[in-house]
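Some notes on the structure that comes next.
Each chain gets a letter, A, B, C and D, in the order it is written, and its residues are counted from 1.
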Amino acid sequence: MNVFYWTVAGTASGLIIVGLWGVLTRKNILRIGLAFTIADTGVNLLLVWSGYLPGRTTPILNGDVPAAEAVSAVVDPLPQALVLTSIVIGVAVAALFVVVAVLASRRLGTADIRRMKELKW
Amino acid sequence: MVTALAVFLPLLGAFLTAWLTHRNERLSLLITRLFLLAGLAAILVIAARLGAVTDGGLENTMILRTGVMTPPLSIDLKVTGWSALAAVVVYVGALLGVGRFSGRIPGTQPLLLTLVTTSLGLMFATDFFNSFVFIEIGSIITIGLTAAGRCRRRWEVALKTAMISGLVTILYLLAVVIVYRTTGELRLTAISTMTGFPAILVSGLLLTVIMTEIKAFPLSGWGLDFYQGVDKNFAAVYSSTWSLAVLLWSARMLTVLPLPDPGVLARIGAGGLVLGQLAGLRQRDPGRMMGYSTSAYASILLILAGTVHGADYLSLTLLFFTFASLSKTTVFLMADPEEEDDPWKKVSGYVLLLPLLCITGIPPFPVFWAKIRMLTVLADISPLLMGAVILGLFFESVYIYRLWSSRTGPWQKKRKYFDAAFMGAALLAAGTVWTAAGAEQGLSLSGELFRAGFVRDLFLAIFAGGTLLSLPGAFRGGPGEKSPAVWMLVSGVALTLLPLSGNGLTFYVLWEISAFAAVIGVSKGARPSEGTFWFAVFAGAAGYLLLASLVLSDGAVSSPGIPMLLVAAAALLKMGQGGAHLWNVRAYSTAPSTMAAFLSGTSSKAAVFLLVFSASAAAILPLGTSLAWIGALTALGMAAMASLESDYKKVLAYASVSQLGYVIMGIGLTSVLGWTAAIYHTFNHFLFKSILFLGAAGVIARTGTSDYDSLGGLVKRMPLTFTFTLISVIAFAGVPPLSGFGSKWLLYNALVEQGMLPLALVAMFASVVAFLYAFRLLYAVFLGQLAPRHYEVKEAPLAVLAPQGVFTAVLMALSFRPTLLLDRLVPAVASIAGLGGEIPVIEGTALSTSLGYWDAWSVGMMVMGVFGFAFVFYWISGRRPIHVGQLDIGFAGELPPSPEEVHYAGDFFRPFRRALAFLPEIHASKVFGGIVKTADLAGDVFRSLFTGDARTYLLHSLIILTVMILWMKGGTP
Amino acid sequence: MIRTLFVLLVLLVLAAAATSVIPHLKMRTELDGAGLEYARRGLEDTGSINLVTAVIVAYRGLDTLGEVVVLFSAATSVMLILSLFPLGRGPTDPSFIVAHTARVLPAPIMLLAVYFTTHSHLSPGGGFPGGTIMASAFLLVMLGSSSTPAGSKILPALEALSGTTFGLLGLWGTMTLGQFLNNRVIGIGNPGYLVSAGIIPLVSLAIGVKVASEFSGIFAAFRKSGGNR
Amino acid sequence: MTRLLVSVILTSLGALVYGLLLGGVSRVITASIHGRIGPRLTQNFIDLWKLFRKESSIHHGTMFWMAPMFRLTGGIGVLLLVPIIAGNSVLTNMSFSGDLLLVLYFMFFGCLGMALGAGDSGHPYAVVAVSRGLLQMSAYELSFSAAVLVLALGLGTFSIENIVSAQQGGILNWNVFRFPFATAAALITFLPMNMTYPFNIVLAPQEIPIGPPTEYSSRFLSFMFSGRAIFGVAKLILFVNLFFGGAGSWSSLLIKTFLLYMYPLFVSPVFPRFRTEQSVRFLWFVPTSLVAVDLLRVIL
């Protein structure tokens, strides 16, 4: 029953924490980017999780689910719509991040974020 | 339909230009401009329809429905009059910046156009998740354009921005999950219905997101790095589009946050404002300064959100942020991105003036109206909070001033390069006029703030006369100086209107205009940097003290108690009393000499006017004795300093402060005699200090030096200047029969009447010491040996000589017939309520009190008679001697060396210095230097938060988040 | 080390503080809020039997427009940056297997993509998955040849066209029904059929083409950027 | 008006004669202290006449030759502002036009003129002397005015006339007894005022070869001479009025002023000369502390 529900939540939270930990402690900017996608994944998982209802099916009202019974048969469609947007955004940001990170490391000759502190104070 | 066009036209343009880019760059730029113009037209239509510029129009709404059905199922975009006006600024900013940015970096137009749509979308968004989408677009474009910009550190900036937006994404989506699960919908308004711990968690998450996005201290680290490193032309676009949109979105978000206590926001904001701006004090990089300024505005938003509500909130946020954004855009447009270290290196201070004044919120610029309204609200809630805000704003003005003053470039020659920036400045000017017209009902020049009557008219005469007479000499600057005439005129006109102001606000506005124009006037000097800086700092501090008083006393300039204390402090600062002389000495000695004459002779009287008129005598009474002592000790200390100083203008500066000490003493006595003495001396000081400084202006203009050691013997070359100077020196030394004695006589009578003998002694001592520098001044400059290089020096220019003549004529008239003034002054002062003590009796030309009497006319006649007798007797009793060469002196049988060596002027009163050696050396410069150093050190502590490591910035956000959650959780069990 | 520990401490305290939210996020057994409304009237309102698509394209179409713009911005940014700062690593010749697969597979992939895109209102799928699949076909073609395919020239035009179409479809709704991106500007037809649900299939198609051309643009930019040196 | 004019002229001339005479006396006495024969009593008259008769042939500038007139005006002015014999309307002169404060400040008039003249001479030593003189003056004026202000506060008036009348009716009413410390302080300042040892740093014959009058000679010098003599008498009368009960008659005036004049003569030869800063510091602290005692008495 609730075990599945909370396991997913736990996994998602774990991913977020691991991701943040990676972001805050890794030095290589590409790894930091990777850590961001891990945390992103956790968040997306949490988003889908929030629309979960036990024992229900996809919100497509074809023959299997008559429109009249939809209310008691399908899961919440909104989080699914949101997560799609969120994933696409994640991909877009990740692509840009990778490009910037790769170019930064090439142009600056290092991928170490501790060496990118020319601007400070 | 128009709404949809206004929002989405740029996006369509973006799709179009994305295709055109790399094919036809010029066409693409043209299309970009066309789409922006069309969008601007659309949003203007909307703004007009909503009646946004009229009262209440800010709250009118127009809904753009999207999708099917209505919220919470679908998403609305809500255009209010408020956001429509901001959208106009977004369009304007984009239009201004597009040529400078996209023109230089082809291929950026689609991103720029998209940024406009996104900014509008975010400002109009009503849906929680929809806002998220817009925020992400904005972040992506910011990262992309930063990386594409022309600047050496683009990668670092882009990477930091990307990491920050990564964190924001995560925190925001977590908030989305919680909001949706607890409320079942995603409208922004739904958030405010939340309760319990989810409310706290969502508030914490969103507050962290908002503070990070708007760059509020202490989460401003990345923003500072951003503004320092980014392509300044992109920053120009960014400031008016995305930055503004985020601010306005945050302004709406902050009102719906389910905080247990919205007052928390104000405290976070005020604390951040003080500490963050303190950290900014040491900044040298102009870009970073703009970052700190942005952070200040972010803090202001938090304060507003915590304290102001309703229509006020709308108008205040709008005024603050649109004009700040537009000003920042203009500033950034003036930068030359190719100059990596200082993009404004080649820019003249003139062109930066308007936008920077707008940013600091000097009246009458638009931000000022918002500032004063905000402070009024804060004063009702917590004066402490208001004090913190004022302190923070003061810090901001200090570094903004630094940014302005270090610009040394000439006027830009490349017109094309500057078009956009000038357009921005023109828009700001228009905005200024418009808002000032809107705020007009708060201003009045005809009210009864100051009792009409002789005393007011006297000050009016001082201000008007002083300005007019200082002005002629100002048209031509001295050696190495530029002409301060325009600024002197501005300052002088504002001063002249001062006594006519009908309410406190008008008074403050005029006061500030006069002050900042004077600052600019001072900066026209030959070596302006130090002097102008300290002048600006002290004038700024005085202005903010006055502002605090104004706000605390509900629009009157002051009322008894704390406001009076603040006003007194402001006046003391303005007059350089009690150690604040640092600015007088530095500013007067580096300013153009005529400007110094204006400041010392005329402008300093504004502070006297403030003290005499701002409050009833009863309000000053509790401060009276302290004031009197401050005045007396200043008079003495500054006289001693003046005796030991050997720079002409610095001596005059010390002397000026010293003389004003008597005025403060008189005011502190709060008796009829005391105030009569103070005002009489004020007028006297106005006369003789103007003469002295104008004389100095003439001398410096002709010789090019103000050093005692290099002057001397000028009486032979500049006899008229010497005569005027001699007369005014005799006057201020208080030697009868000239007018200075009158002030002293009144003052001692007042002091003895009040039984304040120790004060009288200090005053007496000060006046004797004044004798020392008075003689030294006359001797070192005009007497002694004329240096050979000055053999050909001509008499001072007529433009300074003629005004001196006028002043001297008035001075002489006043000397022999002081009753011309006192006849009216004494009854006027006697009629001021609350002043105690006896009223001096005037009979004919004689003045008497129960203590003593004085008849200036008969004294004058006696002196003239005896002197005339001696003169005539000498004349007829023998032949006249012949004038011999300057080195024909009895020199104990030896040949005197060169005139320079024989002229004994430096370290003139060495025994005096030796005699004073037992005193500990307290230099005002050390004291203030110490204050500055302490502030710098404290600032450095906070600055060190911003290590430059993006991970640290993320950690800051997380720490703040944790602290806020724990704090709020503790607050609501 | 200290830094790592400190970070860990902060994260753990944060997580511990956040655990108090758990009682408020208990599992639902019944739909509520907006989800309930969507399930109840989604079909009726939009004519799409796929409720997720109804939400994405119809109810919250603005989000989707934003999503497209996100991709557009990212793609444009990446292309811009890469054109300004080439990566500087040339493409290698495709291997035999890739080269041959690239001749065979694109067509069926394209077919699948078109199905996904056009049937979004009927079955799982939609503009985004469809567009991504299309882009993968293009990617395959590109990987299969050693030069940039000729087709990449029309990508910007396709992108502009599809983007503009999306925008104009949205404005159509504003013009006729006063509601941007309303899918009922044409009748919603008979739910369950291909031609139904108003303009949802059209919008999906526009999204698909847009997404495809953007992703393809990114690939092409990477490739071109590498090839310039 | 005519009476006033006559009174003024007579007073000035009388003071001149009296001042010169006193100077002669002092020279005689000093000589006898030194064991010399010394000049005649009338030597000062002879000197003045001699100087006046000699033509000044050179000058250094306008201020230079106006300085002696400033000096003379300063001396006569102070004299005229002080009522000479209390209660006698004949010799009140111009004292109706100002009180003690005016006198205090008018005493600067001559000094300023002198200083300016010395400055205009272009002679560095003259200016060195001026610098010292001004410094010392600033120091003794502090304690002198302190003493005067204590009197004014204690008696509630700045008017010399009133101060004198307050001292009538017995020797114990004299301010010297009512304000002994202030009087002591004033008497100390009397020494530097008359530039006698140990305060004669202005003339300082050993250090400054010739002193301020370096460049002055003949007719110029005769003016300064007369000015000084008159100023000296004016100061004597002022002191008598302030501290010693004033003068009710000619005889008491002559006796009191003569005794007062003799006082430095018997004090100064005992002391060596101060350095300038020593003098300044001494005058700041010693007499002022004395005044402070009386001030506390008055206030409490």
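We adopt the following convention: a contact is a pair of C-beta atoms (placed from the backbone, for glycine too) under 8 Å apart; a residue touches a chain by one contact, two chains touch by 3 or more.
Model, not experiment: these values are computed from the prediction.
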Set of chains whose contacts include both chain C and chain B: A
Of A-C and B-D, pair with higher C-beta contact tally: B-D
Distance from the mean Cα position of chain D to that of chain A, given in whole angstrom: 99
Between chain B and chain D, centroid-to-centroid distance (C-alpha), Å: 53
Inter-chain centre distance, chain C versus chain D - centres from mean C-alpha coordinates, in Å: 105
Distance from the mean Cα position of chain C to that of chain A, given in whole angstrom: 16
Junction residues of chain D, two or more chains touched: none
Chain C, residues touching no fewer than two other chains: 7, 11, 25, 34-36, 38, 60, 63, 66-67, 70, 73-74, 77-78, 81
Residue numbers of chain B (touch at least two other chains): 129, 133, 136, 140, 143-144, 147, 180-181, 186, 955, 958
Touch relationships between chains, expressed as pairs: A-B, A-C, B-C, B-D
Chain B contact footprint on chain A (complex, rising order): 16, 19-20, 23-25, 29, 32, 36, 39-40, 43-44, 46-47, 50, 78-79, 82, 85-86, 89-90, 92-93, 96-97, 99-101, 103-104, 107-108, 113-114, 116-121
Touching residues (chain side chain B, partner chain C) in the complex: 1, 4-5, 8, 11-12, 14-16, 18-19, 21-22, 64-69, 72-75, 77, 105, 107-108, 110-111, 114, 117-118, 121, 127, 129-130, 133-134, 136-137, 140-141, 143-145, 147-148, 178, 180-186, 196-198, 201, 955, 958-959, 961-962, 965-966, 969
Contacting residues of chain C [partner chain B, same complex]: 7, 10-11, 13-14, 17-18, 20-21, 24-25, 32-38, 41, 45-46, 58-63, 66-67, 69-70, 72-74, 76-81, 83-84, 156-157, 159-160, 163-164, 167-168, 170-171, 173-175, 178-184
Partner chain D, residues of chain B touching it in the complex: 713, 715-716, 719, 726, 730, 733-736, 741, 744-745, 748-749, 752, 755, 757-758, 760-761, 764-765, 768-769, 771-772, 774-776, 778-779, 783-785, 846, 850-855, 857-859, 862-863, 866-867, 870-871, 874, 877-879, 881-884, 886-892, 899, 902-904, 908-909, 911-912, 914-915, 918
Residue ranges of chain D touching chain B (in the complex, touch as defined): 52, 55-63, 65-66, 68-70, 72-73, 76-77, 80-81, 94, 96-102, 105-106, 108-109, 112, 115-116, 119-124, 127-128, 130-132, 134-135, 137-138, 141-142, 145-146, 149-150, 152-153, 156-159, 209-210, 214-215, 219, 223, 275-277, 280-281, 284, 295, 298-299
